[in-house]
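Next come two complexes, and both contain subunit A; in the first it sits with subunit B, in the second with subunit C.
The block that comes next holds the complex of A and B.
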């Protein structure tokens, strides 16, 4: 009886695993096939990988796009972590009148869809362009600035700070550390797992961000990876082999970041803190 | 509790204000910065288009063929069509013309919504070429209130592409397939299914292109010329829907859910025909093993007074934005797409694009005998059908209305009566697009 139960559990898990892994497998197989075979649903690896790769590099500037995506994602991630953790820490540690009300307003701002603020934001950057073209429309800075902090990360850090032993702050103060010193020397090292989890989420969000970069970045030399892939699929006769190759290349960095930080990610999401 | 509601109202108001700021003040549209003069004195023109093998290749070719007075340096920026629509809508409704291009490609069925929503954003270019040189049906969608805003580009002239081997097996020759009605098409589809086991065509239930193709053979659309929504009493649409249902009910259609499956349906040899815009031809030719097995006949017509065996499916035109550099951009279009017959010959041989410039169809390139289609002069045939396409005014909301019909269509297929279905669709559309 126990064996049957075990068997059923494993059967269910195996099916679930196949269902989740299959799209990735198909992506990897399609990368090696001709476009006609991809649309035909061919499940056997083919011999067109090098040709697809050559075509990809011949038709689009994938190197530039990767570079742009990296610059945007890395800067966004660093700023998100810094600002988000400072704000979350502040909200939890310090006592101020009206703190919770401000926090609630912040949380409600999570409900405003980006599409609703996109047009005023574009108008704003249009005006910025006339004064400071270096951070105006069609610059990487314009793609980064509106995305560096969202209420979600402040909330995330505040929730995790609840687990942080507040005695450490008192101890730091008694030992004569400045408030920033306490944050950087005591808080930051003990909250590594939270930072790791937030880093993964921030990096992935930024890497996959589509709508705002699409609207604000115009020149090909500022293009990011999701925009490039969208363009590849836009032809009347798209080459699906090439598209799959580009998607695999675009997936690698996020996969890498995730696997490197996977352990911290799980720990961080569970909210456990060693300290 | 009361406090939370109060907070909620504050946020709602803020959202509303933020969203509202975007819409207003469009009269203060500052001049854009897309155009600038380069070091060697040439005017720089920025163009947005999609599909590197087609539209963008055409632009680059035009740039090589340009021989006007103003020195021009063209920069083409590639974006997917939906992305261009998104970017244009955001940029134009924000009221700042910053970051907007000089030239942009817009699909004909969307053009009116741009021209009417952003009246001052586009530059009239009727003085830079002769609109009468272009296929009639292209002029209504590209103009507004007597002003010509778009320069017509590619044709979506349709063809009835079919597998000669399957149709022969079912007992039909090319002559049997010329100048059909859609009713005859359905009967042939039944024979093909019976004799060969193949479905006649592939359809994506979310894409009602086939209904538009049928409707336009009679020169009607979802809306009338004055913009009134025309569904409930639209006789051609009724006929088209009846044919659609008959095809579905008799299992003559292979259902697909996206573009790649649609392509696969004929590349794999599953379906016997593809009634679609001529731009589908390169996708058919992609399966080299089927060379010689295809031919193309005129698109079937609806069995009604005044219907012709010609229709349209897709197609786009070039527009000039009303920002610095507009004269140079208009001159560029007029000099190339607007008047150069030789350019259209290389456009056809190098890019495979069939323009809507009528004088071009007398050129040599149009006489090419395509071996893939058994030596048929496919391009020449299509350019002849193109001249017959009935003109319709696509109006503002083609795709919006189609979403409504799409939902209603499923109920019709499940047994709702045609009259009820169209009356409901009409009521919904009127409520949504007053």
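The block that comes next holds the complex of A and C.
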């Protein structure tokens, strides 16, 4: 009886693992096969990877899209971390009743669905276009700006600041550091793990963001990777080998980030729910 | 106390008051950018969206119509379909996913289990993919001559290929399978971490009392994990109410509007059909109201008894 139960547990977990991994295997295999072989259900690696790669670069501007996605994700990550940690630190270290109230109001913004503010944002950046075209519709700046300040990261940094030794702030004051000096010279270096976890989440969110870039970025030279893949996937005569190559390239950065920093990633997810 | 001592005390008090005031003021500098940013990019657009929802018209020619848009919702078949679809996704997908994730986490929490690390990583792996990328992959896997059909045919489970993407019911199921694939491992990680803090002696006692594993699951594990289950179900509910990427890329809302989600309908109203920003804003307020009501309900149902 007990043996049957163990067997069933392993069987169940193995099926779950196979179902979870299979799409990854399939895209890796299909990346090396011809389009007809992909649709034909071929499940062994072929020798068409270089050709797929060449076709991918020849048919779509994937270099540009990669560049745009990296620029957006890196700038977004840096600004998100900087602004979010300043606020999380500020709310916790300079805590007052008034600030706590503001903090709670900011948290409410986490419940605002993006679809609800998408149209006003689109119209807002449309108006910005006529004054400052450099940050208006169809610019990377417009894709970045509304995404860098989120209540989630303020909350995240405030939660983690609770574990930061406040004596260090006093020590910094006695040493004659300015309040901002304390933040940059003491807080920032001691909170490296928190920043690492936040960086992973921010980078992944930005790299994978789809709806807002879809709305605000219109010209092909401003396309990001998710937009490019979506367009490729919606084509009438798709070259499956090429599309799979593009998908693997799109998944690579986030998968790498995940595997290199798996521990921080889990810590980061948990940091967002800790009391 | 002498006069001088008192004034010294006063000025001391004054000084600490001044430094406190100064620190308080510096504190505002730290949070200023965030307050402005969230005001400008969240709360201000919310107000704008509401004002917009009171107006109607094509493109930029909008005129005030009061609550006409809200009345129009009730007689708009596409809206009703997308609302129903979203609720079907919500009611089927969220419970299935959360139960599965709980189940995996309980199995993987057993220290005697072999290959735990492998199973955990494998089941979590889907969470690292981009929504668009996995959606496109699922579209091909569930295509008419896709691998899912080939597998089912090969196993003799079906005799003709199933129209996963072009049958109204199967298309919804495909979307639900896809979302469950992507998010189960993600939720599992939360439960696994929470289980590590659970007192093992409770299970010992239950076993001695003759409770089966299934009884232990429902009467010990689930009640103990209630706070984290509440958190993940609210996050999943908000996420599903905003469902867009998958529907857009797997079925494009079809067949007909059979898989259309509210977010996708808003997108179509604004950017695919002749733009009617006013009405789109009205539909978007439905999501806002739903998020508020459902979060509140979940808090009441799960939070009250603690």
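We adopt the following convention: the second predicted complex is superposed on the first by the 238 of 275 C-alpha atoms of A that agree within 3 Å, B and C clash if a C-alpha of one lies under 4 Å from a C-alpha of the other, contacts with A are read in each partner's own complex, and residues count from 1 in each chain.
The working rule: a residue touches a chain if its C-beta (ideal position, glycine included) is under 8 Å from a C-beta of that chain, and two chains touch if they have at least 3 such contacts.
Model, not experiment: these values are computed from the prediction.
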- Query: Between subunit B and subunit C, positioned on subunit A by superposition, is the outcome a clash or a fit?
  - Reply: clash
- Task: Look at A:233 in the shared chain and tell me whether it touches subunit B only, subunit C only, both, or neither; answer first, second, both or neither.
- Result: both
- Query: Which partner does A:213 reach: the first (subunit B), the second (subunit C), both, or neither?
  - Reply: neither
- Just subunit B (first), just subunit C (second), both, or neither: which does A:119 touch? both
- Message: Once chain A of both complexes is superposed, is A:23 in touch with subunit B (first), subunit C (second), both, or neither?
- Response: second
- Message: As a test of reading the superposition: which chain, subunit B or subunit C, is in touch with more residues of subunit A?
- Response: C
- Message: Between subunit B and subunit C, whom does A:179 touch in the aligned arrangement: first, second, both, or neither?
- Response: second
- Message: In the overlaid three-chain picture, which partner chain does A:127 touch, first (subunit B) or second (subunit C), both, or neither?
- Response: first
- Which holds for A:104: it touches subunit B only (first), subunit C only (second), both, or neither? first
- Could you say whether A:39 touches subunit B, subunit C, both of them, or neither, answering first, second, both or neither? both
- Message: Once chain A of both complexes is superposed, is A:59 in touch with subunit B (first), subunit C (second), both, or neither?
- Response: first
- Item | Doubly contacted residues of subunit A, that is, touched by subunit B and again by subunit C | 38-39, 41, 109, 111-112, 116-120, 122-123, 211, 214-215, 230, 233-234, 240
- Query: Which of the residues in subunit B end up touching subunit A in this complex?
  - Reply: 3-4, 7-8, 10-11, 15, 18-19, 21-23, 30, 33, 46, 50-54, 77-81, 83, 86-87, 90-91, 93-96, 98-99, 101, 259-261, 263-264, 267-268, 279-280, 282-283, 286-287
- Within the complex, subunit C is touched by subunit A residues 9, 12-13, 16-17, 19-21, 23-24, 26-27, 38-39, 41, 83-84, 86-87, 89-91, 93-96, 99, 102, 106, 109, 111-124, 145-146, 148-151, 154, 179-180, 183, 204, 207-208, 210-211, 214-215, 225-226, 229-230, 232-234, 240, 243, 247, 250-251, 254-255, 258, 262, 266, 269-270, 273
- Note on the structure: So, in the complex, the side of subunit A touching subunit B is made of residues 35-36, 38-41, 59, 101, 104-105, 108-109, 111-112, 116-120, 122-123, 125-127, 129-130, 136-138, 211, 214-216, 218-220, 227, 230-231, 233-238, 240
- Query: Okay, in this complex, where on subunit C does subunit A touch?
  - Reply: 23-24, 26-31, 33-35, 37-38, 41-46, 48-49, 52, 104, 107-108, 113, 118-119, 121-126, 128-141, 145, 147, 150, 181, 185-186, 189-190, 193, 228, 231, 238, 241-242, 244-245, 248-249, 252, 262-263, 266-267, 270-271, 277, 280-281, 284-285, 287-288, 291-292, 295
